[in-house]
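Provided herewith is a single structure, encoded as structure tokens, for subsequent inquiry.
Every chain is named by a letter (A, B, C and D) in the order it is written, and numbering of its residues begins at 1.
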């Protein structure tokens, strides 16, 4: 029988600014990636997010991003591998502070946005990120794009990895996500998105924008928690997975 | 025989900006307070600072400050106790990241600048800070101004505390430091500063600006690591303590 | 016949974060206070906000705040008058950049949040702010709390001033606003708020929380543009003013 | 007879952090590029820098950079042309605030660091920057790397431009500067640097790292104001120019 994890970014509010349906989306996902204050989130938001996730018994991961609040961490910044290492250690540490004070454990680490995308294609950056994770705690699971350099780096360093696929994003024939700056980056139709997810989990394949099948591994599915539509979609995905006899559960036991 | 700890703020550089003689001052002190990225410091500086301190076998503490890089954390900000709690957890966590990745342990926590000064007089703020420290790790030692609310809060919460005195600052009759915004806040003459230190350690007393003696406890002495004069002064203080048969050693074994 | 200006804070979004119904509220107000990137707003938001206000022919003012994005500029920071002067010059200048590039003129300056409230009671801070405004352009109108030090400072420096009252905030017997941290700071009932506004404009009086009447001057009324209820309330206030034969128009012609 | 402008970045300190010999370097240069608070500088530093430059009667320009204080604006960030436009308008405006309050005029605009380097090769980015400058004030002079897209964009938009060469940097055969991340990016020997400058001004040529001559235009020479060696070098360059019968004077009269 197939199993898959369902993950979502969480805790992306900042000060007075609110983003996301954090409390509600927790009813659908099995893992959350908590923003750590660089691209989004702040200390108060992080504490509340950790409390929420612990209440709902959802697995918690760090979601380290670039130092770019105004760009929400989505703009590539030409950082060195050493800088990547340092900002990942810092942000995992900061979130661990709240896990220690609230009495929880960190399950995984998933880089955010541009850091995630740059790492997917950059071996040195990926090795620096994986090493940062390993040196803080070798038991942490590294989430990365299926087939990416980040997954390879995690394996090289000796970390457990989880290959991630996206429910509402389209793919290129090399297995990368279609850039958000291009047309057709997002799958607008829910049924299409759900069908893509089911096929990725069951067959390990996705149809690229170029019309060819790409082979991938689907350990965890990323869905989004912000937007008016997020909860309806999350419900739809989860129910469809269950109907397709795919068990939704977190990577760690 | 008297013993005392000698502490210094460290890792206050930021990006291209350099402050302090970090490598050199480590030869004189027994504890360092490492900036955690809010009022000063950044992830790269924090890693290098932790590496330096571990090499020199000097005890490491977190030095959490207000979110005020431009004011170097020295301007009072009207934060709530909950905000104080959250920023302290975050910053201790972040520094712990580097201690974990470099293989070291945190000895203590000392709030920085305006956070330190506000906590000295504000019971609720102090309790929030002490609780943050305790919930992350009850073995951490809380550094605070001798006779302050912060020391009382640490004792209330159940933390080991270290009462701090200042080598080059003058005192008010209520035991508080003379504000940096007022005249005679700093002791300019080194011999006067050293004599004040020796008396604080040996007799537990300091002469206030009002001419009256203030009783205090001197578990740890704060000296500064920046400025052209810092190293000469550090050497002077340390040597004078030894000549006065005061053993300079860290709070923890 | 009575006239009054209706003003609203605008352009408080930041990066991905959205606040306010900026386009809609412009149909009700005659002046807007545009955030300048310190407590809220960013360069892109500022340009769009200026474009919107120019399209709707609403008067534009700068809304300089403290360097405290995470606190939305609402937390008192112990800045010096010189620092207040410098941050006000900077922010007025920055907004003027967009007025120059878009072909518009600045009408007024209204400090934001904690800067506004600190200035209301602090003569030196108010004089520094008023001097900053005057030195950039002596034709600018200074908005401040009716009866405050800021209004007095503007008059001392030689600026035209506009005394501001608040539609949905309660007053203390000394003419200050009830702090947001206290109960009953906000008037929840719309009819009560509107009745207070009408009386302030027509009689120059408001009933304080202590039960005594406070005399004030109502050149401009502040309403809020964020929150689900904002547009309904704005409509209600404007219509009620018109029914009461009060002309709503901007301070400058 | 040959003439050339000598320019230097100024006002790069931030809060407590000090960089540069600002007061001293003003005795050697004829134009300064003032940091505007994004990659360096802050409101107080900007005011003081403007005051210093006005006292010494040196021409003042804006030095807008990327929103990257921790990277000192030297790391490429993947911004859109619209974002470039917005941050340039904002920063020119902010500096203009201090020029207005201090009674001076802006002569030029020179993008900083990564923004300068990205613009040198990116036509769309350059056009956005040039348009921002033009829309604020068409009389401003645009400084850009000799032979770059930025100079072409300035000409396209209708701005006066000044082609810049570097005293202590080596060149590639395509006329670009050797990246600071590569070996031999800097000319370490002062006599070599001075000889390169003289040849660039007199012959309009520089020997590239590939051994071929590159043709360029030298309207203004960039020297650095930070580092122990800066003043000696500035003195050396200026004296050598004068000995070579090259008049050092600002671009505008």
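Quick note on the criterion: contacts are C-beta pairs under 8 Å (C-beta built on N, C-alpha and C of every residue); 3 or more make two chains touch, one makes a residue touch a chain.
Nothing here was measured: the structure is a model prediction, and the numbers come from that model.
Each step here moves to a touching chain, and the least such steps from subunit B to subunit C number 1.
More contacting C-beta pairs link the chains of A-B than the other of the two pairs A-B and A-D. Centre to centre, using the average C-alpha position, subunit A and subunit D are separated by 42 Å. Chain contacts: subunit B has residues 42, 70-71 touching two or more partner chains. In the complex of the two chains, the subunit A residues touching subunit D come out as 67-68, 70-71, 75-79, 114.
On the subunit A side of its complex with subunit B, the touching residues are 37, 42-44, 46-47, 82-83, 86-87, 89-98, 100-102, 132, 135-137.
Subunit D contributes residues 14-19, 40, 42, 69-72 to its touches with subunit B in the complex.
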